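Each of the next two complexes has chain A plus one other chain: chain B in the first, chain C in the second.
Then we have the complex of A and B:
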């Protein structure tokens, strides 16, 4: 692997992920009769047995701060040299200011630090990675934090069968830097299905057309992933893991089927905490990033919009600089 | 010309809670043990098998095997 010293080179990589799942869980099994569904529905279709739920007085910034603490417990972060802080959310604590500015204050980040939010849903991590890394590489930034946090418990109607059993609360933070082992962005592919923006919407309460979400995902995501790989002369056999946004077990199974992937290569691991929207992929990426066991991954998020984003990432290991991100 | 049997073959190729043998072609899916997620799953399989996109405004109208057959042959 080459490692350029130019501040504008394309060597930014994700070197660490911190996460936070609230300890409180709500079991879906307790609500089956209420919604007229059975255990088979939970296990075979949703695949979600419990949902992580934040405390009523926990804010988005609280969740993000907990994720940051988890990050710093595992990685030595050059805190005073963070030059960009971005938060992906569609449920901010306040309309103004942007959540990244609030976090900037709470975390006592440096004055010379760009802050902004990205309004995106389940494709938010893919969008965030592409935007943050592109900005870092264009402007020569060295270190950045990318948060995701969309606690849907704020907007889900507990009596809505379409949404009440699906979403969990979580936050994540990805640390991006130019040295140390991690995953670099090779390329990304994005899209939005025309006329589909009503499939997930909220003024105060979340409304979801689950059938439209599932059909759009099945139509668009496999093609997005295949197109991204073909562009780089790769096939799915060249990819070690495909981390699909785990909207539900059924949607992941449909995409797996279309791409002929098995559950090991495209896991579904949210049974104990639910669909955490933009945090779902970083939660899944955390362990592979820790283990550095896989060379190439595809990260694919999809949902609100209906939008999708797929990132091809590749392991960069620079042993000579493994401690540089300290 | 696509027949009800062609669509029933698609039913059997999916992981739905009913088999083609037990599915009445003239009755709504919702009265035969399929929920909206199952129906969406079937529609995805139909689109894939017959290489035809089902427009959003048609989805709610395809309530039975016969409805799907009529749509595909239209």
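Then we have the complex of A and C:
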């Protein structure tokens, strides 16, 4: 019988991240009276003082192209050898075709390139990393681009207290390749609980029950991270950074507390731009990926669905991976 | 360093398919005069005499649940052990959350279950199979459900000659597991060419340039299939069935002709229900999967994007796969 695979080589790593935050910021302080909240709420509970807002005529593809420009300004990208292009979004420019096909055209990527979008929310980057790396390794693909872009300003009701102060617009692109220093996927863990109506887009407007999302996150995410580490014989002491999706300061504090993590190890740094949904973790990962000072990271997203996902990634510093595994 | 994977085991196979075609059919013959075409066009070029049409109040989740019922009527499904649920669609009930989360709730799937949707068109089943099997094998997941559902009756303008006679509504679900007889993924090949505007949903209406899609398919798909086989030292003579996405009779005939395939080997059998987009190939695969009489199949989809994808799959008949690989 035909061999069903070539020898499996788990050597794909995240080697670069480009990002884009629109320059325009809307300050939350200006809307306190309107929503009956105070400065203390902004600083202590929400942790979001301003939100990045795209221009009305900026499309998803525009935001993604800006992120790609940021990537190419930092890294030499083998543009003509990209074999997979994926966009994580729940706010595409068009439902048909997938955004990845539109970007494929706009970026003039080669013909031998798989294109698809993933619809997932705040767990979208963890999902995307797991799916794209798995597919690359299984099919023997060398290089890929994984975009995230979910500009909620398109769908948030500006007068809805439950959503108007939270979300920021952004895009990111991760460059995945088989050589060069970066973070390889060790393993990942995912879950879903009843709660699909807690964050719902209906008639093109987002409706969210923030306290239901908070409760689900506090219950599910710490156990999920612990389970992933135990499976690999690791403890939190073996992890240098836990990049938690910054849904709000309150949710990050609850998860930190459950896992006994300090703010250095599990940072929350979105005060100036907001919760950028699937782009939040790649925005946080950009600096560690630049410094390469940390050996092991956990990337953990949660939200829409209600669903969650955590990736355990590990530094590969050699140009080739084979020697790293021993 | 931590080992970055458990030993890779390429033993996931498609073990069952459930499907759903709405009972209502609309006959194309009734609309010939209106569109200025004749019976010969229907029979010789289009090959579609009637289209399956869902009820107006049937949602995507409803269609998927019907497909799941068909699956469970045929197969014992380890319902409580489903670890991944994916829906391929470009026509979700809601943009947020992903349809897989809604189905996860409706089908009462377990908490330890990854959920996401894939946005892809007529290459969606090939994409979905490659992505889901790769992810299962990489993360060590045992069982998954892969749904397809793209009821174009939601978005087709009934008065548009380019689209009104072509598409049928359907849903499918593939059960993927690591034991039991079924088809394992040997390899897959994907591509994308400029042509994102040839099939576009704008303002919730589908617009399609059928001749552009036809030309792209005739140029790209035969070469893609040949390339995939050559990579594995196989010829078309080694393949028992080539399941080509039945976009229209004409496009299947063009690809058959380029590959010198006869109609038995590359069937076209959608005259009574139409082009069901990402559900077309699983509908065709259901019978071979029941009979298990064929050793090797190619599943090839193409369309929206313009993008294409082919999976080479091979029969695994033993309960465990390890011995199949030698």
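The definition used in the following text is that the second predicted complex is superposed on the first by the 301 of 326 C-alpha atoms of A that agree within 3 Å, B and C clash if a C-alpha of one lies under 4 Å from a C-alpha of the other, contacts with A are read in each partner's own complex, and residues count from 1 in each chain.
Definition applied: contacts are C-beta pairs under 8 Å (C-beta built on N, C-alpha and C of every residue); 3 or more make two chains touch, one makes a residue touch a chain.
What you are looking at is a predicted structure, and each value in this text was computed from that prediction instead of being measured.
Trainee: For A:32, using the defined touch cut-off, is the partner it touches chain B, chain C, both, or neither? Pick first, second, both or neither.
Mentor: Touch partners of A:32: none, neither chain B nor chain C.
Trainee: May I ask you to decide whether A:94 touches chain B, chain C, both, or neither, giving the answer as first, second, both or neither?
Mentor: The second partner, chain C, only.
Trainee: Check the contacts made with chain A and report whether chain B or chain C touches more of its residues.
Mentor: Per-residue touch count on chain A favours C.
Trainee: Examine A:258 and indicate which partner it touches, taking first as chain B and second as chain C; both and neither are also allowed.
Mentor: first
Trainee: Contact-wise, after the overlay, does A:78 reach chain B, chain C, both or neither (first, second, both, neither)?
Mentor: Neither: A:78 stays clear of chain B and chain C.
Trainee: Return first, second, both or neither, reflecting whether A:271 touches chain B, chain C, both chains, or no partner chain.
Mentor: A:271: touches no partner chain.
Trainee: Applying the document's definition of touch, where does A:215 land relative to chain B and chain C: first, second, both, or neither?
Mentor: A:215 contacts chain B only, not chain C.
Trainee: Who does A:196 touch here: chain B (first), chain C (second), both, or neither?
Mentor: In the superposition, A:196 touches chain B and chain C alike.
Trainee: Do chain B and chain C land on any of the same chain A residues, and which?
Mentor: Residues common to the chain A contacts of chain C and of chain B are 195-196, listed in rising order.
Trainee: Which of the residues in chain A end up touching chain B in this complex?
Mentor: Of all residues in chain A, those touching chain B are 40-41, 44-45, 195-196, 210-212, 214-215, 218-219, 248, 250, 253-254, 258.
Trainee: How about chain B: which of its residues touch chain A in the complex?
Mentor: It comes out as residues 15, 17, 35-37, 39-41, 43-44, 47-48, 53-54, 56, 59.
Trainee: State the interface residues of chain C toward chain A in the complex, per the touch definition above.
Mentor: 1-5, 8, 10-11, 84-85, 90-92, 94-102, 104-105, 109, 111-121, 124, 127, 130-131, 133-135, 137-139, 155, 184-196, 199-202, 206, 220, 232, 234, 296, 304-307, 309, 314, 324-326
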